[in-house]
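Each in structure tokens, the structures are laid out below.
Shared chain: chain A. Partners: chain B in the first complex, chain C in the second.
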Partner chain A sequence: MVVSFSLVMVTLIIIGIYAILAIGMNMHWGDTGLLNFAHAGFFAVGAYTSAILTTPVGDAGLLASRTVGFDFPIVVGMIAAPITAGLFGLLLGITSIRLDGDYLAIVTLAGAETARLIISNEAWLTSGVQTLNNIPRPLDESLPAVLPYDVFYFGLVLLVLLGSYALFRHFANAPFGRVLHAIREDEDVPKALGKDTAWFKLKSFALGAALAGLAGSLWAHYVYAIQPTMFLSNLTFSIWAMVIIGGAGSYFGAVAGAVIVTGIRQITRFLPGDIPLGNELPYLRLIIIGVLLIAVLYYRPHGMFGDKERSLAGMSGGGN
Partner chain B sequence: MSDDSPILETESVTKKFGGLVAVDTVSVSIEQGEITGLIGPNGAGKSTLFNLMSGFLEPNNGAVTLKGEDVTELQPDKRAERGLIRTFQITRELSGMTVMNNMLLAAQENPGERILPLLTQPGTVRAYEDEQRERAEELLKYLELWELREEYAGNLSGGQRKLLELGRSLMCDPDVLLLDEPMAGVNPDLTDHLLDRITELRDEENRTFLIVEHDIETIMSISDSVIGMHNGEILVQGEPETVQQDEQLLEAYLGGEV
Partner chain C sequence: MIIDPQFIWNGLVVGSLIALAGLGLTLLFGLLNFINIAYGDYMAMGAYFALAANVRLDLPIVVSILIGAVGGGALAVVVHKAIFSKFMDRDPIVLLVVSIGMAFILRNVIRIVWSTDPRYYAVPVEEGPSFLGITFLPEQVAIIAMSLIVLGLLFLLLHRTRIGIAMRAASDDTDLARLRGIDTKRLVIYISLVGGIIAALAGIMLGLDSNLRPNMGFIALIPIFAAVILGGIGDPTGAVIGGYVIGIGQEVSVAFIPSEYKPVVGLVLLIIGLLTRPDGLFGEATR
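Right, the complex of A and B next:
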């Protein structure tokens, strides 16, 4: 079998973008214990922000015409995307962050769907259900011929990935992260010690959402064209699978989870027919991910790279 | 030594849970620089009163005053910032965090808990953290938990958890400490040690304590004032000797009708 070079690069870029999403989710769930089901929404807000800011008006479609567009440089879009996604996260958080567990999950899921429906319906702004296309690629056609575009773009994604990995790990290991961990364990305790826990949860929510927005921008400027169906909530569930398989609370685990889950999804998609089960595997990939998820939860409830000792502390022995 | 006005006061606070009146128009004043004992049989409303004072419950009626300021509407964290720290009856150690991190969490006004200083002033953040680490070291050594500093708090024994909670509260440098059964499960040697520490903090630093404790002998021996509660009401408040002889309270403890 011949594995094409470009296919590998595409897969790597997608893995990188998903890994950035998983890092944001790990701050929500792994560090703070927030059940966020709005990640696809933050991703979408980032992607659309960046696309609208960097494309011109007049993207006439069959059903409706987009009347808003700014044609700004790409860097403006990439800066604005995390800001609007973070603000969306903040807005969603203000209305719901005092809710516990499942209730927060329901509200965030609804919030992401609301965002997607707004994107689908407000065609003057987003091109609606039609595709918002001709999104510019950074440095397109100005790269030296020896450097394939996908290699350059993977470098860009990798840079953002490493940067956000370092930044979020720094937050998690700092006193700030210590308060988030305390909230995850038992919110009453930091509250009794003078921490404004609602505010900390909002910050965590906004930071993770902003990072998802940045990932959305990277996505939009890579794929040329975006449409609302790219941001269905099953994307959110995939990110959850990555964080859980990798090990909630571990940023390395989040990245590893993204590599594993995205790897399975992409590799099975392009398998040639001449290897065993080559024709069947593509249809089985969600089942494979599901089985993997169950196996991990059964044999390693703390995930592949999660802290086993931590998750077991207090489970056996001790007082009470 | 103490100021004229009480440092912590409740004014006719009432808390109902459905048809049950857990705390019934209770007015108490806690004087600064004193140790006040709060006693009463199970279900007397002691923990509910703690929750009302610390802001974990909002009263149906009445007001809570801290340092002369009405704090009835304030969340627990805002009261903690004003110097009121409480512990929990059933220990709430953060089991998945180390003993040291449990302690450091309690440091107040930590610049490293804010995003901007974390990025722009790493030196300040580090210096503050080191300073707090030293304070934590001193407290942990005193509480005989120093050897366990890197252990997850969930792996400590019941008594050790009580000590950790006390240490964590002291890290906040509180003016008023509400301790809910701080001695339960702690070995007797260490209990004496703890009581010494508490009286020392009162005498030398003018700190105020309100302590719920079932060990009557202990509470009588260290308290400047004792409050006896039963069925959500204050039966008696006064000096330990007076309270000890209160017949109503004795009857309540012995299970008689009042």
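Right, the complex of A and C next:
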């Protein structure tokens, strides 16, 4: 087994970006108990916002005639991505945040699919089903020769990851987070204390969505070219698997879950191509993730690093 | 503005499909009380079982449909026994997440066994007769006929047999049904069987209408959920009506909006429904 350095760096970058997604999801599900199934949609909105803002018109698709592009500096895209994704989260939240748990799951799932439908069909804005390419990379070509690009980019992703980890943990431990936890345990209690719980849930939803948008921007500027099939709901389910396996309610668990799940998904890159079942490997690893998810829920309901005090509705049994 | 009658016919076809699938989902939900994301993959599995019988074993399509239906029912029972029953004392949301894992497993088993290429049933491609400006394709007629037959049989099952009445009672109030001496544990197995059979039939109909792909059921899931919620979760009649409303709504919308946005119609109806009538069209939702 030959492990090349560049392959390790690519894997680390992907893990880092997924870990940022998992942190946002942990605020929704782990802290607030919201069933968000739209994470791939927030990720997509962030990626496309950043890509459209930083590429010139028409430079993208080959056949599609994209008529909108701004060619702004990358930093503009990275600031705008969380804003538009957060606004999308807010919009989706306003229509559905008052709904009961699993109704919210269905509406958010449908919302994410709608976002993907719009991205696939409005070619004037997004290049449609074709790839939107030539997305600029930050500091490309201006790095000193001794520093490989992927090492630099991993540093950038790690910086954002650590920053968002610290920030979201701070939110969770602040009075704001304590209200979220109270909503998670029993919404009637904070309501009785005069808290506007719908507003708190909306803020939690928008914050997690905005972070997913930032992750989308990091993704777009790393892979140069994006297309709608990168943002299928399967991605949302993988992030769910990360948060549950790592342990809902724990930000450390969310990051650990991202390492485990992405590790399973990427490990086969390091295997030689001619092993038996080589062609089926991508599907086999998704089966492994499915089995792991069910096994963790059965044997360790609070996940590997989960918050044991989290009595949440979801995790301790008992009725509705 | 006059709407092309062809759209309404197409809507009836799609509506029949959603109505049938929605009925199966709502029956399962009524008794088990969790959203089963793997339901779409039961549909796909059933469709592929029928494909294996039809194409591999060269059996006539009618026999293949029956084999697919039995296979789908057996699959749902096995999955329930092996997996879901171990989590029945947990919160519904845990079961929802478990069903995500199950969906991962089933869908990727399909990809490994049958590959990701689109597959087709070996049925003759015929041109349909057309009158009143509507073309009636034979597979469309078959879908509507199948769906009406199954809906009729289910109606009889739910209203005229002891087991069916017990199912409705337990779906309405599980504890009360248990108090009255209904063996709800056994009932769950029966309802998994019936739900799996219906899912498989709906999947086969979907495959007849276009083709088979591993994610066919998952993609169909959103309008089906919309129909179930619109009709009031756990309400069989509501699910059927919801299915037709969404099917016809989707197809007729083509006259007003680009056809690519058809799937959004279900979402919009769903959100309007949830915000205005959270208990479903008839206010009989079990929760």
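In this text, the second predicted complex is superposed on the first by the 291 of 320 C-alpha atoms of A that agree within 3 Å, B and C clash if a C-alpha of one lies under 4 Å from a C-alpha of the other, contacts with A are read in each partner's own complex, and residues count from 1 in each chain.
Going forward, a residue touches a chain if its C-beta (ideal position, glycine included) is under 8 Å from a C-beta of that chain, and two chains touch if they have at least 3 such contacts.
Nothing here was measured: the structure is a model prediction, and the numbers come from that model.
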If you stack the two complexes on chain A, which partner ends up touching A:Val179: first (chain B), second (chain C), both, or neither?
first
Applying the touch criterion given at the start, work out whether A:Thr55 contacts chain B, chain C, both or neither, answering first, second, both or neither.
neither
After the superposition on A, what does A:Val107 contact: first (chain B), second (chain C), both or neither?
second
Could you look at A:Val189 and tell me whether it touches chain B, chain C, both or neither (first, second, both, neither)?
first
Which partner chains sit in contact with A:Thr84 here, chain B, chain C, both or neither? Use first/second/both/neither.
neither
Have a look at where A:Phe171 lands relative to chain B and chain C in the superposition and call it first, second, both or neither.
first
Let me test your reading of the model: by the given contact rule, A:Tyr298 touches which partner, first (chain B), second (chain C), both or neither?
second
What's your read, chain B or chain C touching more residues of chain A?
C
Check: chain A residues flagged as touching chain B and also chain C 313-315, 317-320
Of chain A, residues touching chain B in the complex
170-171, 174-176, 178-179, 181-182, 184-186, 188-197, 200, 203, 207, 309-311, 313-315, 317-320
Where on chain C does chain A make contact in their complex?
33-35, 83, 86-87, 89-94, 96-98, 100-105, 107-109, 111-112, 218, 222, 225-226, 229, 258, 260-261, 263-264, 266-267, 270-271, 274-275, 278, 287
So, in the complex, the side of chain B touching chain A is made of residues 54, 56, 75-78, 80-81, 85-88, 90-97, 101, 104-108, 110, 112-115, 118, 125, 129, 152-161, 168-169, 172, 185
Residue ranges of chain A touching chain C (in the complex, touch as defined):
35, 95-96, 99-103, 105-107, 109-111, 113-114, 117, 120-121, 233, 237, 240-241, 244, 280, 283-284, 286-287, 289-294, 297-298, 301, 313-320
